[in-house]
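Letters A, B and C mark the chains in the order given here, with residues in each chain numbered from 1 onward.
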Amino acid sequence: MHAIVHNLIHIAVVLIAPPLLVGVINKVKAFFAGRTGPPLLQPYYDIIKLFQKGSVISETTTWVFLAGPPIALSTAILVSLLIPAAGSAAPISFEGDLILAAYLLGLGRFFTALAAMDTGSSFEGMGASREVTFACLAEPAFFLGLATTAKLTGSLSLSGMFGPELASHWSSAGASLALVFVGWFIVALAENSRIPFDDPNTHLELTMIHEVMVLDHGGPALGMILYGASIKLFVFAALLVRLATPIATRLPIVDWLIFGVGILGVAALIGVIESATARLRLSHIPVLLVAACLLCGFGLILLAR
Amino acid sequence: MAEWLDPLLILALALNFGALGVSRIRAVVNVVAAQGILLGVLPLFLHGGIGIRGFLLVATTVGLKGFGIPALLLHAMREVEIRHEVNPVIGFMSSLLLGAVGTGLAIVFARTLPLAPEHANTLIVPASLATVWTGFLMLTLRRKAIMQVLGYLLLENGVFIFGLLALEATPFLVEVGVLLDLFTGVFVMGIIIHHISREFSSTSMDRLSELKE
Amino acid sequence: MGVDAHPAGWFMSISLVLWGAATVGLSGVPGLFSSAERMSGQRLGAILAVLGCALGTAGVVEYWRSGATASIVAPWRIPEGEFAVELDGLSAFFLVPVFLIPLLGSIYGLEYWKQTERRRNGRKLRLFYGISTAAMALLVVARNGLLFLAAWETMALSAYFLVTTEDDDPEAREAGWIYLVSAHFSTLCLFAMFGLMRATTGSFAMESIGSGAITPGMKGMIFALALVGFGLKAGLAPLHVWLPGAHAIAPSHVSALMSGVILKMGVYGFIRTATLLPSVSVGWGAVVLAAGAISGIVGVVYAIGQHDLKRLLAYHSVENIGIIYMGIGLALIGRSIGRFDCVVLGLGGALLHVWNHAIFKSLLFLSAGSTIRATHTREIDRLGGLLKATPATGACFLAGSAAICGLPPLNGFISELLIYLGLFRISTGERAASFAPAAAGAAALATIGALAAACFVKAFAAVFLGSPRSHEGSHAREAPAAMLIPMIILVCMCFMIGLAPVSVAAPLDRATDRWIGAAVRDRGRLLDFAPLDRVGAAAIALFVVASIVGTLLVYRVKRTASRASTWGCGYVNATPRMQYTASSFASPLVGLFARMYRIRTVRPEVSPVFPRRASFESETSDLVLDGVVLPVFRFTAWVFSFARLTQRGSIQAYLFYILIFLLILLAWR
């Protein structure tokens, strides 16, 4: 009974909360820029509005163009059901679900890139090319981080790896976990196309990676993409929060509170970084991603000592 | 206090990677300065008290490595008007990877050394070896003379970490002497950089090969 | 053949397999006697091939049903040789692709390589297609070293004739030569290996060698020879030099056979040898794991740089063989440190990847063949927009692409999942010696997966999406049914293994029985270590969610959408030539791995005011082949050119040589 309630809350949270993160990031950025900024719930309004609009579809496209957004969204939703949120296990949890989660995100990326290429536009081609290139460098960092937590907890499911078992290791292997946290934070910024990798706020053609890929999508399709992207951001934020605070108290309400505050904290941190730093030159991005790999790998090597 | 030693050394290692992966010389100077300060305060975290002599050493090291030498280098940079390492011998990513391989090997190698039990489980020896390796990489893979000075500084930092093992045994005068040597070395290099740039209108070390005849 | 000598009779699984192999082997013969102008010979051949493959498959099914290992031993005239064949789990597992791919390939060939259109070489191709299949079937069941080598050599030679089907093409002849040289180097290693095994056991029978019966040095030598000899055939980098050329130049259903099945014979040989040898040290396991990881990364990195669709696919074979070897390396490590679960997962993943690779790589080669047939070019950057003209071929290629990238819910994901699970399990263990290679292996596998996805976004998008870039691409027509049906069957298999992975657990357990041994087997089966049921359920869930969301979108869009041209950011006169090309798409990745290629670019000189016509060219070539192997061969040829000094052309000189030689022999003590 308890588990069912927990799972229902989990599903509700991962389906409803994600756009709020984007709102928080924008609010923080507005604060640093001395503006009032859009309302906190603006991302919700945007998505709802987009779902009500019509769309224009390019003549060069085929069904692949339409398949991109739904696949990206549904993979993001499935992944959000695999990651642990507060205290207890995720709704879907089994040995090896970490690999399924990583590859589901890969599937979403694969089809988003294909949908971009389907328009025949050079801009979108560039975006797709960069997205898949940087994924090649972010992926090993992510897996090295996973190997670190798996090694510490001896578990091969996300719920176990980021469960209470991990908390006891913060004192003994804190340095490793801190390195993984930093590495993963870089990966999260890259995967979600945030500054310093990509600026989601510039004019569409001028952004380098994600936004330029979805240039030709409009209406409900764009709404799906925005919603899916916010879920993906939520997923990475949740992983970071669970990595930093893998605790479970007896009281579910306290757990959810900690989790919520943590998620908002990550969003605020991203907002601060976006306000304080500029976008990197494209040629420097691989260096930063390799650095993320090294941080995670280094965290792992320290465990072998 | 001693449990803070390893995290600080890991931070020092992370700074090594920073020094290898960045092309802006000002940023590298800052990274090396930060590492200098970090290493300067490390004796405070060692086992047991360090006494007045130690505090003096900490103050001198931090002052010199964290502020004195960097200020000198930044001055030299302004003088010769260079800001970027434009054309390194091998790319930044490859040097990062080389640094990582070296660090990994240092950790493996340190496990085979016959160390005193109180040092065997700390990162002192691997961090020292890895920092020396990074310094060598900077010395060999960068073309700008000022980057080579920074590589030399990293090398010295590595030696300094190794010195932590024998902090109790080393006389104060030796430590200060080493620091003084370092300062003189950097000072002389600063003058040399200045002259190279005036003579060749470039601070690339490649131009020095014209003198080989 | 001595089949009747055995009491079990004709319907025993092994006899069915042998009869099937014989039928397929002879399937090309009727064609030799029928007119080159007509299709009748090819039709009869295809019927025979299908019949033979069906017989063979029936034998495998009969084995799985009965569960009894069946063997036939008959005398053979070759000294020390013996016609010993046996069907066990491992052989049965490998027989499935051996019979499946030729079956589909023969049907495909009915339209793709029509006798009426290919009068010069159609009959030759079909003859050797059948013989190579029969040789592989025999190879997999052979239990005598000499019989194995005979089958091996037959397979290698008939594959040579398949590669050089179009022997009037100099490119084909060159690829054939390189293949022939490396195939014989491989055979040489195997001769040495079987020789050493005979020196240990006293006979050529392929039987398990007890750990007491062999010295560590001998074991290491046999293992190293197996790694090189079988690795050459499998195309393990850096021994892959023959592979890209041969696969690119051969007709597509031959490429499918070579990549899907012939390479796997190297894998089979290696696994069989490892089964016969007692446990090797952790170091050897780590070497195999590292070799696999290197092969995986090298293969996919080279694939990204290719402009030729079939060369690209060929390099992906190098990558996938690498993944298979990673699984084997994991199993070897697991066996030597006594981690039974890792043996089950590693070997299971490697074997399943053998099946999967046979399925999706054949699918990709067949759909590439159908594309080439429609457009007459293999150049990726000349194609584009083919999904509109050839929707079924395009959909098949897309399914194959997603499968080869290991994306759920297709079959590639399942085998990679097993290998990942094994790697993670070992890396959570205590021992540092096995922990480091395993963790590095997991990271390498992740990189390989992401790189493969990048490469197939490039390949699929450049060929099938956007609009046609050239005249050839805009006049394409869909392939006929005889070509589409084999492809569709393969797509269904990709989905079947991906959505119901539990179904492959039983054959996999059978196949790993020998390696693991009965005593340990009782501790658990594949399903005890891999949550295949959950993964299957998740894949189905993905399917359901995606279809719901997709239907929602299509429902909304269909009512409201209007059509317009692609947004050109203000530029209104965009042409198909302005699309992002495959080369541009790949260039960031090629730049990242620039040190691994030999990149040749021809840049135009653009004069500032009135630029003339200019062209830009870039080519990436193989560092191992063009940088190491060919220079070494050229140097060797140069060294031996001095031997020509003795070639005088006069009979007196040659008699004088004989005299000198006799004197030397006399002086020899």
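Points to keep in mind about this one:
Here is the rule we use: contacts are C-beta pairs under 8 Å (C-beta built on N, C-alpha and C of every residue); 3 or more make two chains touch, one makes a residue touch a chain.
Quick caveat, the model's predicted, so the values are computed rather than measured.
Farthest from chain B in terms of Cα centroid separation is C.
Legend note: the chain whose CA centroid lies nearest the centroid of all displayed protein CA atoms is C.
Centroid to centroid, with C-alpha atoms defining each point, chain A and chain B lie 37 Å apart. Taking each chain's centre as the mean of its C-alpha atoms, chain B lies 50 Å from chain C.
For chain B, the set of residues touching two or more other chains reads 93.
For chain C, residues touching at least two other chains, in rising order: 592.
Each of residues 286, 297, 301, 304 in chain A touches at least two other chains. Remark: chain C residues 384-385, 387-388, 391, 398, 402, 405-408, 413, 416-417, 420-421, 424-425, 427-428, 432, 435-436, 439, 442-447, 449-451, 453-454, 456-458, 460-462, 465-467, 530-531, 534-535, 538, 541-542, 545-546, 548-550, 552-554, 556-557, 560-569, 574, 576, 578-580, 584-589, 592 touch chain A in the complex. Across the complex, chain B meets chain A through its residues 6-7, 10, 13-14, 17, 21, 23, 92-93, 96-97, 100, 103-104, 107, 111, 121. Contact residues on chain A toward chain B in their complex (touch as defined above): 174-175, 178-179, 284, 286-288, 290-291, 294-295, 297-298, 301-302, 304-305. Contact residues of chain A toward chain C in the complex are 51, 53-62, 64, 66-67, 69-71, 73-75, 77-78, 92, 94-97, 99-100, 102-104, 106-107, 109-110, 113-114, 117-126, 128-130, 132-133, 135-140, 142-144, 146-147, 150-151, 154, 156, 205, 215-216, 219-221, 224, 286, 293, 297, 300-301, 304.
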